[in-house]
Amino acid sequence: GPAAEAPEAEEPVGVDPTEICENDDFGCAVIAPGQTIKIGMGSPMTGGNAAFGIDAEQAGMIAVADAGEHEGFQFELIAEDDGGTPEGGAAVANKFAADPTVVGVAGHLFSGATFAAMPIYEELGIPMLSPSATNPDLTRQGSRVFNRVPFTDEAQGQAAAEYMFNDLGFRKVAFLHDGQDYGKGLAEIAAATFESLGGEVVELMGITPGEADYSPVLSTIAAQSPDALYFGGYTQEGVVLTNNMPTSGMEYVVFFGCDGTFGVDYLARTGANGEGTYHATPRTPPETPEKDGFDAAYQERWGQAPGELSPFSWNSYDTTTMLIKMVKEVSFVGTDGSLYIPRGALVDAVRNLTSYVGISGTYTCFPDGDCNIEGPTFWIVENGDFVAVN
Amino acid sequence: MLNVTDLNVYYGAIHALKGISFNLQEGEIVTLIGANGAGKSTLLNTISGILHAKVGTVEYLGEIISDEPAQAIVQKGIVHVPEGRKIFAKMTVLENLEMGAYTVNDRQLIQDKMEAMFERFPVLRDRKRQLGGTLSGGEQQMLAMARGLMPNPKLLLLDEPSMGLAPVLVEQIFDIIQDINHHGTSVLLVEQNAHMALSIADRAYVLETGKIVLEGHANEVMNNPMVISAYLGG
Amino acid sequence: MDANQSSPPKLTRRNYSKIIRPIFGILVLGYILWRLYLVLIVEQAYSAEVWVRLLISGLIIGGVYALIAIGYTLVYGILFMINFAHGEVMMIGTFAGYFLFEITKGINVAGAGNPPLSFSDAYPFLSVILAFLVGMTVSATAGYFLEKIAYRPLRGAPRLIPLISAIGASFFLQNAAQLLFSPQVRDYANPQAIARGSGWNLMINESRIVITYTGVLTFVLSILLMIGLYVMVQKTKLGKAMRAVASDKKTAALMGIDVDAIISRTFIISGALAGAAGVMWGLHNGLVHFYVGFLPGIKAFTAAVLGGIGNIPGAMLGGMFLGLVESLGPTALGISFQLKDVIAFLIMIVILVFRPSGLLGEVLSEEKV
Amino acid sequence: MNKETIRTGSQKGLLFGIVMIFLVLINFHIMAATMISKVLGTNVLRGAFPEVRFMIIFLVIFGMWAGWSAVRREGSTTNKLFEGLIGGMTTGLVVALFGLILFFLLETQTDVRRYLTALSFASIDIFLLGLRGMGILTLFGLFTLTGVLGGALAVGLRSQAVANFIKKIKTSIRNLRQRITDSLPDNVKKYGKYIFYLLLLVLLLLLPARWGSYNNFVFGMVGIYVILGIGLNIMLGLSGQFMIGIAALFAMGAYSVALLNSPFPHGLMWGFWPSLAVGVVMAVIGGLLLGLPIMRLRGDYLGIVTLGFGEIIRILLNSDLLTDLTGGPRGIQNIQQPTFLGMPFNDVSYAYLIIIAMAVSIFLYYRIENSRTGRAWLSIKEDALVSQATGVDVQKYKLLALCVGAAFAGLAGGIFAARNQFTGPNDHTLMVSINVLSVVIVGGINSIPGIILGSFALRGLPELLRELETYRLLVFGALLVFMMIVRPEGLWPASRPDLEEKGNTGLKEDLDPEENEGRSDD
Amino acid sequence: MTEIIIEAVKVSKYFGGLKAVNEVDLQIPKGSIYSIIGPNGAGKTTLFNCISGFYIPETGDILYYGTPIQGMPTNFIASQGISRTYQNVRLFGNLTAMENVLIGLHNKLRSNWLDAIMHSPRFTRENSWSMEEAVSLLDFVGLKGYGDFLASNLPYGMQRRLEIARALANKPRLLLLDEPTAGMNIQETTDLTHFIQRLRDELEISIILIEHDMKVVMGISDRITVLDYGTKIAEGSPDEIQSNPRVIEAYLGPGGAALAEKYRSQRRKNNA
């Protein structure tokens, strides 16, 4: 947009903001000297899903630290607890909406909260970039502000089914999901694709998330002797399933996970049980120097490895960084020394993002707000490490 | 033996005892009579440590016990058989008796004592495995007395032991009280049945709305015109 | 005499529950029987080994539920309060055991094996015992302080008040654990000898059934603890004093029982049981995190009520029952595992509708007036 | 100085020392220093560390508190100072020992964050006041000193002079109030209550338009919980039925509005108002279906069954079984906004809607409570057996309570769903039921002002506590325990109405039952 | 003679193996004061519970105006005009005295929750009527001015009277009183005795009374039944009962005055 060129005008006096801001659909966010440019984040930081939120915040903090100063202004990440619930999502969104210095939101993490939050940001022109909300309907709302980087279920589920049927030659597969929107959508699409390819779906079932023992469900599925068990869900349940398989009559069945089960935590906690299991990630191989840098910084600052709390550490870093980058692009210093961020321009800038290389993948946002529709990379665990197979 | 001075007890804002002083000598039966709500039960509860006085002291064998908790006072030999029997409903008769002897650690002693109680209250022997809650009122009262006697008290506080009992049983209960007293236990007896209470007591106090209004030897009290009209139905 | 007075009483009077109860019962039971008939007789979809596996995992999880449920029941029996923070006490025990294994894993025993074995691998038996001791002690301490801080000041308040205090305490403990140890999920470092998933093999229909060491340990230990506790409550002086306090605190004090001390001890015992359950949980399932107590807590509470709250054998029965229904139910009825809690709760409701005070609870059909 | 002095002092000191260790282990010292720094006007960025001087202020406050609380009520002034000293010193000792460990970790660069996440080197460094080894000694000295100070403060503030002063202030305030009431004209006094209500009304009309969407949102949340609380109170407070599954009835209202007034799944688009009515009816039906089989249950058995019911409904809403109808875990999006006279709703109109719904609920509640029905409920709660023998059809009235309560829950649910334009299973978890239960009990059972206060405390407080970031629920939990201990009867306990005056018309001198027979039975 | 208001025909009630009430026959004439006495555990309260519908007797019929009512719900029996009090006072403790009486009036009112919401004419009429009625009932039992006290805060004697007021609110034709004088002193007992007589004389209520105080029983009963171990061992007028040797042996004993004399002489002996 026109505003994108503004920072290049490096006069010390600054740009007269009146015209740009008046022409912007949502007007400008004004950051007075001494204030910070706030990036919001809404995620569950208490309760059963707290790990996701804490992880996202920690990754986001690294992103903010990496962003450095911009025109003498600092970025600040305001992570608020939305409990992952719609109610909490709306509360957090309203909180952000009340703060004129919040310019973008790297979230929310959970789809329900995102749904409830979206209309509020929509009104004020605060762009959203979610690291993890996968509900397909989110990008079907015609929203101008909502964008996300995770796979859509279609992209991953179809590819996984094809890979299992064509490349691995599985003919009987059981599909499990954790009953939450991410895993369920994924497993359902994978199962539908697998069936349309001619495979046999021996089971498509939800399990109760958060349990410590899934051997009953596995024993029951084992009776139908599938070739593989496809699971849509997160590491927490993925680990328990993997560890239960050998004692449930499924010692010869392949566990096929998704991007939700990819991560060091899975390796550490499944050990030998995890050998030969499959997982997925976005297209770009994750072993880049930037990623290594992030991993080191995360470990250094938080004493934990990224991916230990949730699979979304990298996505969260990327979304925060992308928002910061866009803010840097569209903002300009006004004549009064304040930083001006035309909100409409920022919204458009995020939506128009192309070929952004992050540490978790390469992203191009499409008009509906999906920024990652490339197919996945599949990984097999061999000798305690992930090895790319396609 | 027991010396109560200037006892003031409150329930929240209600001033239930307003400066009670009285004493009880070793070996005596002293009875407290008074209308409903006069504060008789409150007084017994304060002595046994369930309630604590705001002002005033309770002295027992030369030792001030008014700040001690109930369980410590039992150890000292004061046993309180509360109003309304208060049997442990879901425990058997036997277990109820064992609880009575909670402060006694000698198993043999407990055994002997229990045998003695069965001698005194043969009904209880028949029902020793029955749950306390299913006993009839009279049986429960017997059990409550027996339970109170288990630790061999020096001072027994009895709160309306004849309430709701058949006349024959009332007689038995009073017999037992006398008998206990003959065996060396002092008794502080609260009774509605003033006639009977005064007839077995050595001394008596009359309580009205938290104050002692009359005291003296049982015979004197019994012949007091005020007592006759209010409590003896003369 | 006016007409109204001498008119005979009208005798038609409906009693809703008398009509609804059988209908409800027939509907639910009929559905269950029909499903059972379909799965077990018509389809015969599963062979013996599946049932054995389900039975085993049901028994193990049932044992853990039962142990936690007893903690609920003990406290309930005495204070008539639902100790909502009990699950968190278990969580604390799980963490305590976790740290013990981390330490024993970290100590190398000189001269034992090459490369040197860690303490926990060299002396698995000892370190498991240590873990239980530590877990139980820590949880017992937590139970003790929980009572002292959050419940004792509320002695004598209406029953729902301590419940809210307990909910507050539960929030506090959960979040404290999250802030201390991060929300990360960790696993017990079991000694090699009883690694999770290893066990005796049993062949049925040519398929291998693993009877895990940890599972056997969990089951046997929980049964032993339960029996021990039951005997203690029925036979020892402490147990009887606990029952006396349960039935009437004032009178108990009049017997010379130190009521506060007994209540404290009750919390200590219930905490220790929760701690044991926590260590079992860690050993058998691995999972350790701040939220680990929440679900088992709710389940155990359900089990305690199902068995007849306040009743120790009832809690055991309720826990086992719930474990078995959760594990066998969905398969036996041919229903998705997602709905296993629906099955469990439905069966519980049916049972309570017909036995309003739980499986072994006191029958209150005719209350004394 | 005697044994007692040393004992109390060291006990309190130990306690405070342990609390301090706990606070450091969860990094709360950083949070506290940050808060202090914000209060004093220096902003601290999220994730950054505050300056050490604010840390010192925090420690000083904490140390003085320790000293203060170590001081007993009895004893001489010197004794009290000693108690403060010993309290502070013990705290200092405990903290210093802990500091030594921290120092060791720092020196050897041992990273223990795998086990104790909060113990980063930066955090340790700040706790040691940036002085490393010397920090330990400084801490000890600081606590010793502040302990005495706290003791001195306790001596001073608890002294007779201060007590007299406070008393004097209290009396003068009372006098002032008296004088103001006296000086008011009579009709103001007479209508004082109404004036208060009028002011409240004006406030309620003005505020939502003024204070921005966030406050409107929070206020609306509080209002929705007030309605839910009233519904639960009818079941729990009036008729004594222990209900922990109100979330299910809430969900019935919410999902009815969602299904009938959104494009998914059937595109019914009935409009908000008819859907809301259906939502209320559905909730009532839900209450009836729940109530019928379980009429015989009492106390906690009822509690667990209703909890089970709540969970069953939630699981079903979330399950594959009902996905086509309820959207499963995805919930229902795009719930249409209501319109009023053709104008679509915004946050202000929702605030008004909720105020009106709240007012109606409160009105209905009062009307029902002070009636034959309300008294029948109360008697059931007190003693169902005797109530029935006194002539109350217990089962009928229990069912009625469930249904009426459910209607309120349904109303709340409908408004809730429309306002968020979305509803999903996560909105109807066990936590919702527990929160409503807490609202009623924390506020004061059977007390409407109590329920309103309780909603503010339970729904508003966590929003206020957002400043505390991740410590939010920790502090909230502690406050919940604290509130119950301080006010076990609730924030605003209910009292029974005075009725004798009303019946004392003086018309009747003696009892004559026959006379009224005809009037009563019609 | 007069009409029979309630009749028990061979009523038995068992608890497990215990025959708490064993084939008891009873006929209460309308307008009489009828006492049931017997040793503790004889089954008196249990019999009351059978009449008022708490227990369903294992065998036998309870006929109210000739119609069997056993097995009916208690609220239905209450609505037919049978009220009772309880051996251990059972008031609605956290409600005021007024409210307790108002709940007693429940059956006499018809307005429902809709009336209450709309304040329909029926509600307003009934409301003011019931308030007046409650006040006059409190007055009748001597609790004037205590209407706004919580029932649990009243002294025991007043609680007993409040319980009677609540029972009277139902306008009973038959009133069952279970040990109404227990825990009262002689003065209070005398007052209550008069009060019971007034109930019968002024309100024409038939009364069944369980009582251990022989002064009361012998003073006001028209007829007396004696139960022992669940069976009826005697029935008759007070004079007949007082001289019945079986009753003396099982229940009465030597009599209060004689007993007191016994103790006094004992003590004199001891003191001597």
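Annotations for the structure displayed:
Which chain is which? They are A, B, C, D and E, in the order written, and residues in each are numbered from 1.
Heads up, the rule we're going with is that a contact is a pair of C-beta atoms (placed from the backbone, for glycine too) under 8 Å apart; a residue touches a chain by one contact, two chains touch by 3 or more.
Since the model is a prediction, treat every value here as computed from it, not as a measurement.
Note on connectivity: the fewest chain-to-chain touch steps from chain B to chain D number 2. Chain pairs A-C and C-D differ in how many C-beta pairs are in contact, and the one with more is C-D. Chain centres computed from CA atoms place E at the largest separation from chain C. Note on chain placement: the centre of chain B and the centre of chain E lie 29 Å apart, centres being C-alpha means. Rounded to whole angstrom units, the spacing between the C-alpha centres of chain A and chain B is 75.
Rounded to a whole number, the gap between the C-alpha centres of chain C and chain E is 47 angstrom. Chain geometry summary: the mean Cα position of chain A and that of chain D are 34 Å apart.
Residue positions 15, 175, 178, 182, 184, 336, 338, 341, 367, 369 of chain C are each in touch with at least two other chains.
In chain E, the residues that touch at least two other chains are 15, 54, 73, 77, 86-87, 90.
Residues of chain A in contact with two or more other chains: 46-47, 54, 179, 205-206, 208, 304. If you check the complex, the residues on chain B that touch chain C are 48-50, 69-71, 74-75, 79-80, 82, 86, 88-91, 95, 98-100, 102-103, 133, 147, 151. Every residue of chain D that touches chain A in the complex is listed here, in rising order: 45-47, 111-114, 117, 120, 212-218, 221, 264, 315, 318-320, 323, 328-331, 333-334, 347, 416, 419-424, 426-427, 429, 431, 463, 466, 469-470, 472-473. Residue ranges of chain B in contact with chain E, taken from their complex: 33-37, 84, 134-139, 141, 160, 163-171, 174, 178, 192-196, 199-200, 229-233. Within the complex formed with chain B, the residues of chain C that make contact are 237, 240-241, 243-244, 246-248, 250-259, 362, 368. Within the complex, the chain D residues that touch chain E are 364, 367-368, 370-376, 378-379, 382-383, 385-394, 400, 404, 496-500, 502-505, 507-511, 513, 516-517, 519-522.
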